[in-house]
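Order of writing sets the labels: A, B, C, D, E and F. Residues in every chain begin at 1.
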Amino acid sequence: MFIKKYFEEFELTEVRETYGRTITETDIVMHAGQSGDFFPHHMDEEWCKTQPFKKRLAHGTLIFSVAIGMTAQFINEVSMSYGYDRLRFILPVFIGDTIKVKVSIKEKKEHKKPGYGLVVELVEVYNQEMKLVMVCEHLLLVEKTVKA
Amino acid sequence: MFIKKYFEEFELTEVRETYGRTITETDIVMHAGQSGDFFPHHMDEEWCKTQPFKKRLAHGTLIFSVAIGMTAQFINEVSMSYGYDRLRFILPVFIGDTIKVKVSIKEKKEHKKPGYGLVVELVEVYNQEMKLVMVCEHLLLVEKTVKA
Amino acid sequence: MFIKKYFEEFELTEVRETYGRTITETDIVMHAGQSGDFFPHHMDEEWCKTQPFKKRLAHGTLIFSVAIGMTAQFINEVSMSYGYDRLRFILPVFIGDTIKVKVSIKEKKEHKKPGYGLVVELVEVYNQEMKLVMVCEHLLLVEKTVKA
Amino acid sequence: MFIKKYFEEFELTEVRETYGRTITETDIVMHAGQSGDFFPHHMDEEWCKTQPFKKRLAHGTLIFSVAIGMTAQFINEVSMSYGYDRLRFILPVFIGDTIKVKVSIKEKKEHKKPGYGLVVELVEVYNQEMKLVMVCEHLLLVEKTVKA
Amino acid sequence: MFIKKYFEEFELTEVRETYGRTITETDIVMHAGQSGDFFPHHMDEEWCKTQPFKKRLAHGTLIFSVAIGMTAQFINEVSMSYGYDRLRFILPVFIGDTIKVKVSIKEKKEHKKPGYGLVVELVEVYNQEMKLVMVCEHLLLVEKTVKA
Amino acid sequence: MFIKKYFEEFELTEVRETYGRTITETDIVMHAGQSGDFFPHHMDEEWCKTQPFKKRLAHGTLIFSVAIGMTAQFINEVSMSYGYDRLRFILPVFIGDTIKVKVSIKEKKEHKKPGYGLVVELVEVYNQEMKLVMVCEHLLLVEKTVKA
């Protein structure tokens, strides 16, 4: 769905949540295949048994890709993605864990580009125990209604 | 390959480069399938023709996942990934572009965790015209040889 | 997004449309891999050159799966999918064609299950030349507001 | 294998069966990725636990695609697929269920296209408990030996 | 299809051929993802331009896997695969090439296992110019009708 | 990593080992999808229960592809793959088994191509119980330092 949501329309109290998604062995095997990262942390169950976490872990880039994909619910035609800051993997995600994403507006600030403001979305990923597993800030450059 | 490379052994002059990899239509279709992001920017060739960039774009999370995967060349047993900062998508990556990753040591600093230091790797992704398409900082928490 | 839309709320004038999606060689190869149908109509470019349509065709089941998937935009908690009628593949879909789906309400009728009515959605798939390539009727069993 | 089987050669007593195939978590994850349908019915194990069926379900379009693919055993050069009628999903298919397909000739009738007749195949999909999970009618337009 | 074909029934004059299959970029990207071999010969179009063959090559293991898969047309219940000899990759297979497989009986010989004989199938893979690209010998241990 | 390792530099005492990799249901389903081999030995859990091995088996071509891919650790610019001999599948690999590959130099011999010698690598695949599951010989044509 295409929408137009201007800088002035973003509220610091806004929150949106996604559906949940179970991270499967399939996701990990396919992400290894896409990224080329076949490290034993993700692919070798026997080696993982000898490590502190005991089980195969999802790649950080998998959790980031799935989480960001889950937030792709509408297209704001007056906004551009600018990048991500402070991406942190707080807790490991294991096969069978179910994640959900919560997006809130953390900050709104001026930007040097005339007619635009910067919206900072806080992206938080929780597992089925409601523990925070990943967090990052998504920077959006958003048009203002009033250009001058 | 497992290695042990301590905090003191990282040099600010170190640079490593990866093989190249051509980003294909297959990568984009599979990344949509993995992330769940089927936005027309990536999936609708007709709509893209009406946009400034004219062609389907790779997802940012695809380029990040592939680039980080390409750098997964050895396992440093005395280092832990801490997260990523300042992830920016500078230029679009199109089907048929070939990317390469350059990793250099940007900064070494103290860290509150005793016996560890923080190494900041600068991860730069270039296309076949040697233009920078993506950049980020990878934070590594690395053991020191001398613990006290 | 979860919604509650009762039988009485469906209007014969309602229409919804999806984003477009380009059908790629990747989709065909992966659908062969999923369905197990490796018939030369889909997989052998040389053989296809000797046939009336000259090019590899998308599987009918691929177009049906993608089209139905494209319409999965919200979850109606008071509705159940009952099945599909009159599924017809009108024109071939080739690699590089872009499809869009239009869903309209064709018919509403009584159903033997007390408290429910039957909604018939007409699902039409168009290519980039706005030619109809696939059509079917989706049957929905929908709760009524008034149960008696 | 290419064969030529004319309208007159189809018998109402004919039945063919396929191998069995276990529907895996991989199939569901990949079908979500192909179709773009990531609804929690298929992808969120935690949410499914709160629903009547308790477990993740295979997509209807997955079962249809796999079942039709399983019947793709030979190519009849004098026959064309015309479409499908009365597609019904009778029972849910869960991860680990094994399906088999039985194809019988339900009906033969005249068709307005000169020199052709219509063959209606009944396609029945059974699980490992021999319970019917899906059914549809496959319409084939088949050449007659005698054209006039 | 399950069959029973005994050692005595294999004839040195038998030949069977498969459908054709076009090797696509998708096949190569997915095979890299499955095997973990992301060497630039298969994945880096720019590097390949600097090499004698100028284009990305299919992995040998991809051609072998697809070719052997294409010959999987029936299951002989009285035969077991014993292994493969003299696997040679004669010519490169490029994206867009179409391969076909020809299986002939090269040799029948006695085997130490009582009641069994060894059948050597010659597996030849040809491209669309009818040039031999791969060859190997498939060894089958096959039951004899007469056991003593 | 590109290296130059000449014929004279290969030692009969050299051994290299790979990381381990767990063979998953995903690998088998994807290999069926890539190779087109959907035989019940790999895909039908119910049928497998009636067979001596009781469980679904990995395809031989999957184990071969993964094992060879696991050994793709560096690119020797003065060596060419010549083919494989004596490929044998000694024991079945089941879902959840973890394999590792050991490559040793079995033999060095003269070759008719002037300036080249033949190196025979013994490729052994072990499971988590350190049992040999697959073996083959990899033939490498390697440049000599001294050409005359």
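Structural remarks
The working rule: contacts are C-beta pairs under 8 Å (C-beta built on N, C-alpha and C of every residue); 3 or more make two chains touch, one makes a residue touch a chain.
Model, not experiment: these values are computed from the prediction.
Using the average of C-alpha coordinates as each chain's centre, D ends up farthest from chain B. At the interface between chain B and chain E, under half of the residue numbers involved are used by both copies, so each side presents largely different positions. Distances between chain centres, each the mean of the C-alpha atoms, put C farthest from chain F. Distance between chain centres (mean CA atoms), chain A to chain E: 44 Å.
Look at where the CA atoms of chain A average out and do the same for chain F: the two points lie 38 Å apart. Centres computed as Cα averages put chain C at a distance of 16 Å from chain D.
In terms of their C-alpha centroids, the spacing between chain D and chain F amounts to 38 Å.
Taken residue by residue, chain F touches two or more other chains at 21, 25-27, 30, 34, 36, 38-40, whereas all remaining positions touch fewer. Chain pairs that touch one another, listed by label: A-B, A-D, A-E, A-F, B-C, B-D, B-E, C-D, C-E, C-F, D-F, E-F.
Of all the residues in chain A, the ones that touch chain B in their complex are 21, 27, 30-31, 34-40, 59-62, 64-66, 68-70, 72, 75, 81-89. Across the complex, chain B meets chain D through its residues 30, 32-34, 36, 38. For chain F in complex with chain D, the touching residues are 25-26, 29-30, 38-40, 43-47, 56.
Chain C meets chain B in the complex at residues 19-22, 24-27, 30, 96, 98, 128.
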